[in-house]
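This structure is in structure tokens; I'll ask about it shortly.
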């Protein structure tokens, strides 16, 4: 047990915790005012639901030994989850559990951006419960719980696959299943300042997310810290510059989105690459996500309302690949095989691609099955009238703003 | 002195500090737009006033030895309050003083929710100064400063009595004395997103509040951490489910209120109960507070504008009782007498009830005397015209929102 | 290396990081709704730009040895900036670099308040890049990087000169050069709640700013902590009381401004004075800044839109002088010459004045040259039509608020 | 057709809408439209101060109520409205009456007085 | 001068504005003014609940559209508007037609029908 | 009674209200009502972009000013208003004049021109 590390991880945990409320604001500002409460409810309720599920069974499924595919029930109800550190850790095991909880909450909440403004609340709840248990927990097990992706030697520092690709893709699948919003092409964010507040709190929380993923405050953690901020900044510049060039004006929404894009991109790489490498990772992250939410979305014609796919899956995919390009054992001794640009050949890159593809297939298929089942039990899609009046009034009987 | 604990307590202190501004937002969103500045001013000015009073004399009255009823003047002007830890502590004594300051500020600010939208500013200020000195400081002395409640063996981990029951009840008393708002039954929150921001920052800060109350980062602190999050989540679910059942729609305001209810309920119990026990504590917290702000308030007909009583006193009372039910020496060795459900009989429960009743009587009587005196000096109640035009314009000469 | 100090400095760094987004909100709420995105963009883009510049070259110019005027290129691209502590430090050198980065960002962002609502975006960007390199980095070098002000023995605990005087004065110079807004005398803040959120997050972050400036958590850090909160509180009271007396009503904007004034005033003094001394420092800070934004600004007739000069330069100047009055070696052994009120004569006060005057001259002249150059390259001033339609639409093609 | 009128009332925005609607329902008014407007008239202004910037406010938030009627005599509405809104202080507001040429109910397609 | 009219339409605020403007452009309407109003009419109310405080809402957000015309026959507008706005449910709204005395275009100074 | 009129001006919302009110006070107008409306007319639209979603804006924020007068000749108001509001660019706005049947001051109960 190392008490300084423990205090550091407490800080990291509450920082990551804050990201889900931040997401509620980030997303809430982007919808029309008649749906802001509904959208915020998605994140906020996820926070409540996953908090309970995680201590009862989710953590056990993800992190108890089990097999290569899913964990067992050793940690059911926090059984055997005490203050003593796990093997190889220097922090309390139940603090590790809390840290991981915040990841499970956030990932599940990110999904909700895709189907905002048109899902019915009961369907949302059922989907959320199922998804965290049947998609998130196994995936976390594969990468962090001793499952097969970890075994294979792919690198994912803070959750490019587990958090961003999985949530972004799941969002896309649900969006495809429940269909487009009426008028999807004519909506505009109702309050960009809320989106800004949410965005900066996400960036703030990401310091806990990436740096805390080292589980100790050491030289790798410091790299993760510098890289996180650098890539976010580079993402802002990347998005802003491409937007300025293409659309003639740099927007605040673009700048904030660029920060998130840069942060998503650096997530899997944060503790494996140098600060200088994090500049192109973030910068290109900004550019590919600009392409993802602009060109790709229009081309394919899906209605991923708040760009869960365009930011998180696209950015996360780039980040996973970038890790295969820039990872270096001079930054982190855990890197046994340098990235392509650091003389390691395509070996690591190949494993990264395999891990990404496996994540796409698993998450895509299982999420499709889950939302289809949910749709049979509760109709997931709001009626035309509910959509027109707004989900705030029709699902929650409230309005966000009054005199 | 333990430096890791010290850094932890610095973090905890700034987290609790943030709760008072969070309250300004939480409360500010709940009033009509013409009173939002006035309402926020109550919390913000309390922050300023109590910060000064506390270092001059408040801390001394609460924590210097004195007698069983009130402290002395040993710490006047931070005399004898230095960097060296107090006996039994592992953190600087002046850091302990700062941590306690944030509690004094928050408690005093909570009261203001009850009389929002109709109190005159000078009366508010005088009341605040008197209340923190004459109600809060002695009460803190009784429980934490070596006074008679501590002696008696009642348990209050992070301030169920001192913070929540006392502030909620004081609010109710002031609300009764200054009377109802015109039109109290037809008001609605003017900006629920501000209330959401405030609510999540309160939850965030509560990690400092409850975990920091252990004054060190040890196994009990970890229990407090897990329990705090769990009870808040359970409070969300409790309120949401009962509201869904009774009113047919689950609201965001209900969900956020449920989180606060769960947090209030776990406050006195946080370091004494198991994570699994914190589920019913939070869940029932959500339900009793729903009953408190809905049924009880309507039944008794008082106008506790923002439900200081319905959330804090009702939730705090349940939390105090719950501690008598669920406290267990397997969680915290300080528990000499287990709770009723853990084989300790009604002994602890009985002491809890005595402490609660004593708090009700002391706070109720003294607050009534104080507000009556204030009312003689400055008229506390705004005139009809001031109320109609809004306190922002009439007390502060400003409007919150413009083009 | 001390790990507790290191964790503490990580916390301090992320707290200061948060101040720039906080400033975006603080400033954003104060402008008209048609300019809120533009104003927020100034802070947000500064965050991105300076983050990159700092790791590439800014830190090197400020902190590598060089000469008395400016640093060298030893730390170019974070060369030689590793995990090992610098001499005399107990924290990783690259963490020190990150901590200093947040100061560079914030200082540069503060400037933007002065020319809000009328600067063109390209000019803003060029100015920001030049200013951080040519004004901020040398100045930081003088005071903290071993330059001549440090040599001279003037005291500046957390950046009264480097941060507040420099940014406030630079703002004034730019405001003078680009001229007044049309209608400057009839504008009002469009959302004081955003200003409140920004203001309290600034206060919150200031705990990292002032306490972290000790670079370790020791008794001086504790003094800085207590003094920071006390001076902010006293600033609130100072502004509120003078405003109440002069204008007949105490405003929320005044109270929040008073907090910032108190915080600015205590910044250079935080680790050198006693908590009791911080009361007059903050209180008078509130009063002089009230005078600065009210009387002085009207008298001199410049249009410092959001009072960068009136708060930061005026408050910082008072703080520098106050350090010369109240500094005491019983608080911090580094003080070799007590302040005037603590028996040290006018020696320290004199050095303080020299440092302040030098800062005024250097920043004033160089900023004037820079903005003049920028103005030749890109027209800095928005056209009348751009100003009338608002910068959000004309510079960024967005509106902050919609249905 | 010449017997349809719009009664437009501009009054304090703190008016108790529920009471007003009740009163109107009593005399048979079936529909009305509200809007938030700002007005200046006889009521005296006041000053707001933001960091020393004086903002003189002589424009007040007002409520505009529009009621189109035919069968209900305009005078009844005026009387009823005056009784609810009169306080005897500056700012009570004004009532304007305009002629209406034609009325159509979109849902039913009914025209003229029958559409009301 | 007697042949200018204002057509005022009060309808759901979720109306598809683009479609409406298109339709109007088709029949030659060159300008129009929108405002957000609130109305009560035949559409039934509903209840909002805030921490147990019931707020009965029978006032709905509505969109008011004002079109001043002369050359375009008022009937065309009514027909066109009805066709876009009709859903057959309570809340479709009303159309009111008022006489207009005079019109001036500030920019060009043109008066009367020519100003439209 | 037939000599009361409402002058309705729809213009840029960036209009300098203080100057406008001053001008009106000069010619004896005692009260007026403002509302925030949106309009489309001759002024050309522009495009906003939100993450690749194009939002064509051809509806502009406008200020509506309503002035009911009798003693002050309508032409004076039109002239005065035009002089303040004219910039010679699209978007200057329109003035519409309507007949007013009756006016009542709620506070004093005065009717007709005397109520203004």
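Letters A, B, C, D, E and F mark the chains as written, and numbering starts fresh at 1 in each.
In the analysis below, a residue touches a chain if its C-beta (ideal position, glycine included) is under 8 Å from a C-beta of that chain, and two chains touch if they have at least 3 such contacts.
The structure displayed is predicted, hence computed values, not measured ones.
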item: Intersection of contact partners for subunit B and subunit D; value: C, E
item: Mutual neighbours - chains that touch subunit C and subunit D alike; value: B, F
item: Contact-richer chain pair (by C-beta pairs counted) among B-E and A-E; value: B-E
item: Subunit B and subunit C: spacing of chain centres that average the CA atoms, whole Å; value: 34
item: Inter-centroid spacing, subunit F versus subunit B (mean Cα positions, whole Å); value: 52
item: Chain centre separation in whole Å, for subunit E relative to subunit D (CA means); value: 18
item: Inter-centroid spacing, subunit F versus subunit C (mean Cα positions, whole Å); value: 45
item: Overlap residues in subunit A, where contacts from two or more other chains coincide; value: 3-4, 7, 11, 186, 188-189, 191, 197, 247, 249, 251, 253, 397-399
item: Subunit F: positions in contact with at least two other chains; value: 35, 48-50, 98-99
item: Those chain pairs that satisfy the touch definition; value: A-B, A-C, A-E, A-F, B-C, B-D, B-E, C-D, C-F, D-E, D-F, E-F
item: Subunit C residues within the subunit F interface of the complex; value: 183, 186, 388-389, 393, 397-399
item: Complex interface listing, subunit A residues touching subunit B; value: 3-4, 6-7, 10-11, 14, 17-18, 21, 24-25, 28, 36-37, 40-41, 44-45, 47-49, 51-52, 55, 77-78, 82-83, 92, 94-95, 97-98, 101, 121, 191, 194, 197, 395-403
item: For the subunit D and subunit C complex, residues of the former touching the latter; value: 48-55
item: Residue ranges of subunit B in contact with subunit E within the complex; value: 185-189, 247, 249, 251, 253-254, 257, 293-295, 297-298, 307, 310
item: Contact footprint of subunit A on subunit E as seen in their complex; value: 14, 16, 18, 46-50
